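Shared between the two complexes below is chain A, which has chain B as its partner in the first and chain C in the second.
Right, the complex of A and B next:
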């Protein structure tokens, strides 16, 4: 510890603190521009200059470490004068366009100009007028407003590790750009926008739509994937304008992915349904909510009377909040009288490693998962471990992934080879034996895996057995994938069986879209006498529904989600589109079936505390649930991964821009990635005479489908990949996740 | 006694009528609005107008500053991004039935667009007509300009 004085206030701080951190502790404000607590000190702007008594040189507070007995002055007349000149110099070429600049009102440069009381610039220079760059589909770049603080460059390097942008040119010509002025194609995470202190990088989804002082902010949790990012819903009236980051809250350190930052527009979508629909004689007609609920209740009653309670099933989506899932379970168990609700989520894996565990780990193995695409924030934690903590990083995946810049070693190859490689890892043979040694010797080893590959669980459980200290992270896909299981969801395999052998006659499907889920698309729902579906959109399943009820999205309800770390976080209602929440639908249905259930989230939360032992003492604002085991059950050593006869290996890929079917309703994401594309290696593409955008037919297991091609240089030769959760691809993946397929050029 | 006398003879009424009679022959100081306009003074603040560029495009850039500063919250703006990344004003409305003619909007405007005009004829039979949009505001500018030119003044 070091003791020093800041503006006369004595503080004691650890010796690796900077003067800025010490000042924060002393409660002294030092203006900053290029500093960001998430990034390494840089010292580009000189706004934070301070004076140390007895030292003639001025120092930057953000980069200078503290020393014992320093006597720091932060606001002397000399400093005020210098600070004013520093800002004045920044403004020399700065365009005077705050009224039309999206940053106006939340701009650090604007604030600093006011703070130092600058009203006139003494120098005469013509503000630059470079055309605005729109090559990035999500980010507007106006380099004239740039103050060259380097925050975007640093976050893209230090945190995201993509290094898409950097300083180019020198001296007065310096600007932020891509290598050789190539189009700006990157992860589209928008992290750079979030740190830009001025209006140089702007969110194109929000561009010119509103001004920051009009927006009301509600803290919540992103509902678009299992990472569970802490966000701020920025609304005016009942429109959602932005989904912003909150750097000092949540486990994601203010980092978001492209879906979260740019994919929220579906909440405002005009394509959302507004009225319930009842199908009679094959024709769906609008109905009011009351009517729809009564119809469902009547049907449920009559089917139950005829075929017994077990002929009615409730299926919940992992997009439901814990409270809603709990209520749905009550509906299934107490009101209808079945064994419980179902969810299409794997039942054998549980959260174990937290982001913090991964970030501080010294050896990470990523097993058969493209983690930065599937779960971007989990991916950032892996990157942080490798980058900041210099952890050994091993990636087992058919293609090269974005982690390739950081890996110690990657094991690529076709799915069979990847499985063979992981088998050697577990059995300590061959080249992979050394990886096992590293993991065994590591202080805090972590393995990240894909719980949706049932076969992979064998590797995880074997590794866990061999390395007692190993923590594992299951990359759960959806916002509340874990929560619905905790609320008691049963394995949906039974449900599928029931529908197939026609013992289940009525299905109440809350938000789930089984028609596009892997392993479900081949299931015909026609034999059902009642299919009641709730969904914000007319989904593939909703189209088949006897009764359809439009419902609220996560931005329109209160509740909580449990993320892939097992962290329970509160979701808060920020707007209202006049639609019922799933909880209200369930409560209304229960009432018609003769039992009152609460629909208010706080009442339900009390019930959860009483009835779900895992959640008895958990803090619903960021507390971790304690699970007994990370994986449960006995697993068999997987044989060959892929079935079939074709020449090419097909496996499901993850998409950074989409998670499930929700985000496909977002116009901005759909513009960049709309329909499912087949990824293929350049070598195979050449062999087949294919190029980007040409059509190809894919045949597997008796199904032939046509897709557009995307030639991807990271793909391994002999392998092709398709995204999951699309109507077209779901059919192919209906029979399993790995296939051998044959390809044929079309047209 | 005097009271009864006054009451019976209606003296107070005659006194009152006398005053009325006196004023009937005095010089008149009221105006017969709406047949006659009241004169207005140089710094009068009437219905707003928004200046246009020479090509007819509005000078307003849709910065929301007037909306923010307006104490009676009567300005409503909606902006958006155009197809070429330009700033578009989808809606600009002033609700004159709420406006208190304080002139703050004029003060706040950074681009010399919105101004307080000299027109005060706002009577109407429906509330809807009190909400004026960008088109009306631009037309107001033309009218104000013509009026000013007729008088040899500058806007």
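Right, the complex of A and C next:
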């Protein structure tokens, strides 16, 4: 520890602190422009200059480490004068288009100009008038407004590790750009926008739609994937305008991905249903909420009377909050009288490693998962381990992934080869034996895996047995995948069986869309006497519903989600679209069935504390649930991954900018990736005479479907991939995750 | 607001030699695992291929596990790297004070008249590249030019024209 004085205030800080960090601790404000706590110190803008008594040179607070007995002055007359000049010089080339700039009101440069009291710029420069770049679908770039703080370049490199942009040229001609002035092409995470202190990089989804001072901010948790990112929902009235990042709260350190940042538009979608629908004689007709609930209740009663309680089943979506899932379980168990609710989520995996465990790990194995695509923020933790902690990183996946630049070694090949490779890893044979050694010797080894591949659990449980210190992270797909299990969801395999052999006559499907879920699409729901579906949209399953009730999305309700780390975080209502929440639907239905259930989330939370032992003492604002085992059950050593006779291996790729079926209703994401495309290697494409955009028929498991082709150079020869959770691909993946398929050129 | 920027991607047919990565990969392999190898690799690759074009930079990036954008940042920072084709002969016309007074501007004009290239440009046949430089430190020979490593001094425009023609016809190679 080091003791020093800042503006006369004595502070004691660790010796690796910078003066800026020490000042924060002392409660002294030092203005900054190019600094961001997530990034390495840079010292480009010179706004944070300070004086150290006895040292004639001025120093940048953000880059200078503390030393014992320093006496720092942060606001002398000299410093005020210099800071004013620094800002004045920045404003010479920065066009003062503030009235038409989208950053107005939340611009760091604007705020600093005000703070230093600058009213006039004494110098003039010819405006560059460079055209605004609209080539990126999400990021508008006006390089004239850039002040070259480098935050975008650094976050793209240090945090995201994509290196999609760089400082181009030198001196006066420096600008932020790409190699050979290509269009910006990246993961579209928008991290660069979030750190831009001026209006140089703008969010096109939000551009010119509102002004920041009109927006009301509600802290919440992103409702898309299982990462559980802390966000701010920025609303005016009942319209959601923007996702805000909160760097000092939550496990994601303010980092967001493309879907989290730009995929919220489905909340405002005009395609959302507003009225309940009841199907009579094959025709769905509008009905009011009361009518719909009564219809469901009556049907449930009559089916129950005729076939017994077990003929009625409740299926919940992993997007419901813990409170709603708890209530759904009560509905299933206490009101209807069945064994409990079901969820289409794997039941053998539990949270183990936290993001912090992964970030500080020294050896990470990624097993059969494209982690940066599937769960981008979990991917950032893996990247941080490799990049900041220089961890050994091993990736087992059919194609090359975005982690390629950071890997110690990647094991690619067709799915059978990947399984063989992971088998050798577990058995300590061949080249993979050395990987096992590294993991065994590591202080904090971590494995990240895909719990949706049941066969992969054998590898995980075997590794766990061999490496006692190994922490594992299951890449759960949906916002509350873990939470619905904690609230008591049963394995939906039994439900599927029940529907197939027609013992289940009524299905109350809360938010779930089984018609596009992997492994479920081949299940016919026609035999059901009652299919009641709640969903914000007319989903593929909702179209088949006897009764459909439109419900609120995560932005419109209170509750909590449990993320893939096992972290419980509160979701807060930011707006109201006049629709009921699933909790209200359940409570109304319970009432009609003769039992009162609470629908207010605080009351339900109290019940959860009483009845769910895992959640007895947990803090609903970021507390971690403690699970006994990371993996439970006995697993068989998987044989070959793929079934079928075709020439090519087909595997499910991650969702390519989407998170399940909701984000497909977000127009901007859909513009970039709107339909399922078949990814194929350039070599295979050439062999078949295919190019980007041409059509190809894919035959697998007796089904033939036509897709557009996307030639992807990272694909392994002999392998093709399709995204999951699309109506078009659901049928194929309904029969299993890996297939050997034949391809044929169309047209 | 300015208008939407049209993206014109430079479509340039590359020759099979330009897309033969044997040399590039061999150079990168020499530096495998070494830290701080970017600049020496770029220098050697530029020597081998003449200049650093898009596909080449991407290939180097794949080998070094650095994005082409980051590499391009390095390339454009240093004057020693070229992203445009270079001629067989690089004509450096001294535009220092002494040479300027002695009429070196006229020599640049001669180059333009003969080959149609201005400062920084290369003729379509890739014979000559013109570079106007600040001072090559031979003011006694003003006006002075360098063609690759060879210095020619005390020139008149007409003498320079003859020299360029000799280079163009291959006479100077002998």
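Going forward, the second predicted complex is superposed on the first by the 746 of 747 C-alpha atoms of A that agree within 3 Å, B and C clash if a C-alpha of one lies under 4 Å from a C-alpha of the other, contacts with A are read in each partner's own complex, and residues count from 1 in each chain.
Everything that follows uses one rule, which is that a contact is a pair of C-beta atoms (placed from the backbone, for glycine too) under 8 Å apart; a residue touches a chain by one contact, two chains touch by 3 or more.
Fair warning: this is a prediction, and the values are worked out from it, not measured in the lab.
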Room on chain A for both chain B and chain C (clash or fit): fit
Superposed arrangement, angle subtended at the Cα centre of chain A by chain B and chain C, nearest 10 degrees: 90
Which of chain B and chain C A:518 touches, first, second, both or neither: neither
Which of chain B and chain C A:204 touches, first, second, both or neither: first
Contacts of A:100 with chain B and chain C, given as first, second, both or neither: both
Chain B versus chain C as contact partner of A:132, first or second or both or neither: both
Chain C versus chain B, contacts on chain A by residue: C
Touched partner set for A:213, first chain B, second chain C, both or neither: first
After fitting on chain A: smallest Cα gap, chain B-chain C, Å: 7
Touching both chain C and chain B, counted on chain A across the two superposed complexes: 100, 132, 134
For the chain A and chain C complex, residues of the former touching the latter: 100, 129-135, 157, 162-170, 177-180, 182-183, 404-405
Contacting residues of chain A [partner chain B, same complex]: 98-100, 104, 132, 134, 140, 204, 207-211, 213-214
Complex contacts: residues of chain C adjacent to chain A: 1-5, 7, 9-10, 54, 57-58, 65-73, 76-77, 83
Chain B to chain A touching residues, read off their complex: 61-65, 68, 79-81, 85, 87-88, 110-111
